[in-house]
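Down below are the structures I want you to see.
Both of the next two complexes hold chain A, though its partner changes from chain B to chain C.
Right after this comes the complex of A and B.
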């Protein structure tokens, strides 16, 4: 009886999930094994995508400037964006903890998170503009004129890093908020005990704060990796993956295959690859939630 | 007293309800058609009078919705697969209409074939059937300049290639600014100027063969255009690095640049169109003309009215109203020059004098070629020394005949 009633309650959400999640996902996987004429081609679409210079360009990576291929660009996103946004988030959360009026600064940092990504993309475009960019103005103040006089998004050497740094500005608010919540959960007694033992501020940070922030760090790392793998909107608006595909990413490549080249099967293969890549962090989150 | 008032109120409301219901049922049914187009802001305001006239003439209601072609390319496939459509008349790329013709109404019987400029209908024709109705279009006549700016610095419109190069040199050295503004966005402004170079130096015949794929981007004649004409100018710093095209338009108007290659729609985007002058690359005989095309989806609930509307919009009356509003050039040959506003008339005259008009290269091919072409040109603009790699990359996605 109980089992039956559970089923009845589950049914509506299961039906919705089946129509809007399970069926499209399975259909995408199905599509990825066929060619445009509907002929079964096995893993051919995957080989095509992975062997394409658009996805991995070893002729240029790592010694020449981008384009290095979308997969490598996504990896660079993770390598640069993840530590930067994580460390900055931690820094702001710790530094702004006991400062008067810090909520205004925190609000400003969090602005990037609440802003629509499309607006964020446009902001990035302007942030690195040679005439009106705030980053360029800063560089000019520091005397780095050769870099300040370039619109970063127009140059293959800088467009990838411009989108990543813009992404850091957008995402830092997220890690800061998570760290702030985690910091407030650390009992004051620990610090008081450390004070009695004569611990310095640095010792307290490395021996109390940092270890107790581990669960929060895991959440930020997983969520950030997911964000970096799926990144699309800000790249689409800021550079459209260019110039010369130098800032292109997997999600944008998938979009181009589907809606520009009308190659839905190859686009499906990229979608499956992206899903597989995001599956690891997603499983970790699911497991943590169950625990 | 109160009771009498309440009864009177009840009677009045009953009569009013009856009267309204009778009116609704007695009135002839006026179907509401949805027109989807790309024009927003001032461009939309200039398009609405055309639709208003159509409403009166055809006895229909029209709802205008703004969607860019890029957005439609995402929405329409799923809608069509479900046998539905978000609009009854939709403006879209010609290549997209051709490729998706299984969802499109054949308009062959309603299009007056002999009333359009040569080459206009070819872009939406497959196996003798016409799937798209041409509306008005935009021409890409050459480099725009401010007449007052040229006067101030004593600059002259060039008549030969050498004069053109000297003009750029003079602007750079004497005026002290980068001569040509390079518009960016998704990348099409760079493709426009590149196409103009190809048309001027390789000719319309080769240009058309580039579209069909008979001539490749790596063929010697195309390489020559890049190596000898475009790339030296880029290397000399005569073109700016690409910047968002509306932002750089303002800078150009404020005299931070002297020349700007743009389509005829620029006349509607500057404060004083009377101060606008334009010249092509000396020796150019053919120009790119980009008509806007519309189609009627098979899944329209008002198919008959939608076809009539497409016929009206692509017809002489529809195009004439649009041309009078400004910023548009008719694709029909029976729209007289006298109806154009002065600045558009100058552009229309260039078009009439041209030996040939051709369709936009990247718009005609479309698909992945288009985005790659735009993106590679953005790369070329900042790294002209890699022009051969750029041409190879473009050739790799160029369709084969």
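Right after this comes the complex of A and C.
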């Protein structure tokens, strides 16, 4: 029997979702198949976007410096940002486990996740500044002068990597927290049993800890890939996608197409492409949530 | 014995060293905010002359040449973030209860749809939402932005609370039902009070996300008196040179709210973040 009161429970959220999420999503798909005059053009907008050098630039990738095109930039984001933030998070989770004031230290590293990403964007510009930047100062200390004497965000050779490394700084707190939760869920008895068998610290790490961190790792991978695909704020503030589109990403390209150039239909095609890319991780989350 | 003591000391030194190195960019903007610009121009770590000034905070707060007063931005952010936390919490918790306890046609399909919606990029809805708000006369209004954020927050809140409600024992509700309570009465008299820890997680995360958002605000808020805090600090970029003192002070003011929420509600914040992802 279906209760009458079910509508009271479901209606508010279904209305919000259908008007402000589902309808606009479907309308964006619709827009992507038409031209400015409203004529159906099939996949034409997609061909236009994907063949544009702003999206994929195979004349420059991989042997010349960026711009390589937004799609490739997002791929580089995943290739660099994912392993770095994952490994650093694991490192912090393991190293910071048993130290004095662990919760304060963890809070400090997690701050990147708590602050607005636009603040993160400004901090990226600041930390890679040739005079005031702490990264440049460290490089100078290490004697790497040629890299230290440039404001990274202002050079096409370095702007992409600067935003990505800054993104690692912002996001590492996330993987650290997930790994910490997973680590504290491992029963102590496992390690005690291994001690009795005379296992070394490294053996314990590789044979007990690492295998039991697998579920946490897949959560981190999925959420990180979503983050890397949707990246917008920090690029908008740190480099505005430049110089010369050298650090541009799909989300920012979509925004510029739509609200600068007013090319709604091509912008819609970019949005759909971006959403298709997020679909894999999205379905993974949905499946583990629905159970 | 002594060996173990040395190892502990070493871990502590390495741990704290790494952490301090890691947050040095943050120390940098604190230095840039509280010191006159001449002192930080060639490195904020240069402490030979060290003066503390609060003019940057004053200028950021009250607005100065070409920047918008952050005081107004903070107020706008408070209005938007508070409403956009309460509204989806109401809508989401109602739906979550239905998904957790009632059976109805299409339940699984609906729930799966909501779960997938959680991961959609904001860019996917940008153009139609802009047109929709424009035609409703809601562009550049609090209500428009609040509705966007509320709808956007509903999926994860529904999902998170549904999973929480599933863990509650049914006996309480059955006892109330025997006493003749309606579904709605049971929901707000029995379920909500015992769900306060989960609701605190929702408050901590949803408020922070809305407060920190920039894209939806950029999309809808066009007149400077409606700018939220994140917009104010983005538009602090100067014409000729970057006013780092102003930007740093503005950034610190803006991030102080989510940072305070994080430290006060840390337990619930982390639980909320991990809760709906790991349990499965």
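Here, the second predicted complex is superposed on the first by the 284 of 291 C-alpha atoms of A that agree within 3 Å, B and C clash if a C-alpha of one lies under 4 Å from a C-alpha of the other, contacts with A are read in each partner's own complex, and residues count from 1 in each chain.
Here is the rule we use: a residue touches a chain if its C-beta (ideal position, glycine included) is under 8 Å from a C-beta of that chain, and two chains touch if they have at least 3 such contacts.
From a predicted model like this one, the values you see are computed outputs, not experimental measurements.
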{"item": "Joint occupancy of chain A by chain B and chain C, clash or fit", "value": "clash"}
{"item": "Partner chain in contact with A:141 - chain B first, chain C second, else both or neither", "value": "neither"}
{"item": "Partner chain in contact with A:196 - chain B first, chain C second, else both or neither", "value": "neither"}
{"item": "First (chain B), second (chain C), both or neither touched by A:8", "value": "second"}
{"item": "Per-residue touch tally on chain A - higher for chain B or for chain C", "value": "C"}
{"item": "Partner chain(s) touched by A:154 [first = chain B, second = chain C, both, neither]", "value": "first"}
{"item": "Touched partner set for A:245, first chain B, second chain C, both or neither", "value": "first"}
{"item": "Chain B versus chain C as contact partner of A:125, first or second or both or neither", "value": "both"}
{"item": "Partner chain(s) touched by A:256 [first = chain B, second = chain C, both, neither]", "value": "first"}
{"item": "Clashing chain B stretch [against chain C; choices 240-248, 294-302, 330-338 or 366-374]", "value": "240-248"}
{"item": "Footprint overlap on chain A, where chain B in one structure and chain C in the other make contact", "value": "125, 131, 259"}
{"item": "List of chain C residues in touch with chain A within their complex", "value": "8, 11-12, 14-16, 18-19, 22-26, 28-29, 32, 40-45, 88, 90-92, 94-95, 97-98, 102-105, 108, 111-112, 114-130, 132, 147-148, 150-152, 154-155, 158-159, 163, 182-184, 187, 208, 211-215, 218-219, 229-230, 233-234, 242, 244, 247-248, 251, 254-255, 258-259, 262-263, 266, 270, 273-274, 276-278, 280"}
{"item": "Touching residues (chain side chain A, partner chain B) in the complex", "value": "125, 129-131, 150-151, 154-156, 240-246, 256-257, 259-263"}
{"item": "Partner chain A, residues of chain B touching it in the complex", "value": "73-74, 99, 184, 186-187, 241-244, 251, 367-368, 370-371, 374-376, 378-379, 381-383, 390, 393"}
{"item": "Chain C partner contacts - residues on chain A that touch it in the complex", "value": "2-3, 5-6, 8-10, 12-14, 16-17, 19-25, 27-28, 31, 92, 95-96, 98-103, 105, 107-111, 114-119, 121-123, 125-127, 131-132, 134, 137, 169, 172, 177-178, 181-182, 215-216, 219, 223, 226, 229-230, 232-233, 236-237, 251, 254-255, 258-259, 264, 267-268, 270-272, 274-275, 278, 281-283, 285-286, 288-291"}
